[in-house]
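I have a structure I would like to understand better, so I am pasting it below and will then ask my questions one at a time.
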Amino acid sequence: MSADDFAFNLITDRPIDVQALIGRVAAPECGGLAIFIGMVRNHSKGRTVRHLEYEAYPEMALKKMNEIALEIKSKWPEVSKIAMIHRTGKLAIGEIAVAIAVTTPHRAEAFTACRYAIDTLKSTAPIWKKEVFEDGDVWASAHA
Amino acid sequence: MSADDFAFNLITDRPIDVQALIGRVAAPECGGLAIFIGMVRNHSKGRTVRHLEYEAYPEMALKKMNEIALEIKSKWPEVSKIAMIHRTGKLAIGEIAVAIAVTTPHRAEAFTACRYAIDTLKSTAPIWKKEVFEDGDVWASAHA
Amino acid sequence: MVKVTVKFFAVGRDITGSDELMLELPEGTTAGEVLIQVKQRYPAFEKVAALLVAVNLDYADTATVLYDGDELAVIPPVSGG
Amino acid sequence: MVKVTVKFFAVGRDITGSDELMLELPEGTTAGEVLIQVKQRYPAFEKVAALLVAVNLDYADTATVLYDGDELAVIPPVSGG
């Protein structure tokens, strides 16, 4: 089985359109859709964030995302479709950095699989976030 | 505390706009947003669904939704904002019947609270679904 | 006497053929007594499992006493979402 | 000799000042040996905790032997999402 059969994954420097993401996973046989969206926060560890800059190793990040999709399909075969989009480049406060959508016939698995996808993406996908503060910047090293 | 302080709940006969829903809960201090979307499936208990008709006791449904929001805020004080929208009237396959969005500074609570919100809404809000099949219709009585 | 509005939804509205009816009841009448009256008037309700009652927008015990102007709703099993 | 591309990202790119470099290595050279060379050439890497290595788009053990045309990436702690 290829991830292409049920997964749509993307690394992009363009704004993430959640409605389009939903269109990628909507399936007539599926009633439950869980989405996680990670947005740029205005603070980090007590400091005021001006903006973020995301950088990816795009070929490998995409490969990881496809592996995560396959792993999810094998853990929760009920999952119908999954889409993961991560943005790169400069992001303002409130912009969407990552969005993950999972459809299943029943909702329990949608939540569980979506949670697993974001947790695994954050800990394994080669993507980095530079936090730009008023008085300097730093590559974040934790994936809280 | 009033639910109005952090919750936006709505019963509407108009299509649900997920992007607008996100706008209702986005908060600069919040990085994690979990969304659940319930869509109309093309089958139910083995029968082909032509469309659905949702009916609500709107004043009470809205009161329940506000109570759910307050309950969530007391169980998970980290929750920043919550929005719940349920649609009524005739819905085609693939249309959104319900959408719930929860923002929190960290993602674990967003998933848990969102899951709690949809489970509680489905079991307590006075809203009913009529399943219209090729050869008749029935008021659904299970809330699976 | 107290005047109470009784509201019907979904399968309940199909059974009664109307959204609501007005009842004049002796003082002290309970929600449960209204439910019994409704079931007597519309026997098809017996086929609806787990009928609940709400009084003034909250689920209510059948022992709830009704007052003038109250709104009682007959709540068939919900199926939202 | 084998030719290997070494890629740098994020703090690694800041340290080296470049996206990638080409290395010619004796046959049998491992990913770990390249990492040691990189750290010798750019001592600032010593301050980066938990550096990982990927070979041809997969995380790789430091014992992984490199072949001609391989792409090795130095992966600082990730922070996506």
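Note that the chains are named A, B, C and D in the order they appear, and that numbering of residues resets to 1 at the start of each chain.
As a working rule, a contact is a pair of C-beta atoms (placed from the backbone, for glycine too) under 8 Å apart; a residue touches a chain by one contact, two chains touch by 3 or more.
Keep in mind that this is a model prediction, so the values were computed, not measured.
Counting steps between touching chains, the shortest path from chain B to chain D takes 2.
Where touching is counted per the definition, chain A and chain D have no chain in common.
The mean-CA centres of chain A and chain C are about 48 angstrom from one another, to the nearest whole unit.
Chain D has its Cα centroid 73 Å from the Cα centroid of chain C. A separation of 23 Å divides the Cα centre of chain A from that of chain B. Residue positions of chain A touching 2 or more other chains: 38, 118. Contact with two or more other chains is made by no residue of chain C. Two chains count as a pair here when they touch; such pairs are A-B, A-D, B-C. The touching residues of chain A, counted against chain D in their complex, run 38, 54-57, 59-61, 63, 86, 97-98, 118, 121-130, 139-143.
Note for the complex: chain D touches chain A at residues 7, 9-11, 13-14, 49, 54, 57-59, 73, 75-81.
For chain B in complex with chain A, the residues that touch the partner chain are 17-19, 22, 26, 28-43, 93-94, 105-107, 110-111, 114-115, 118, 144.
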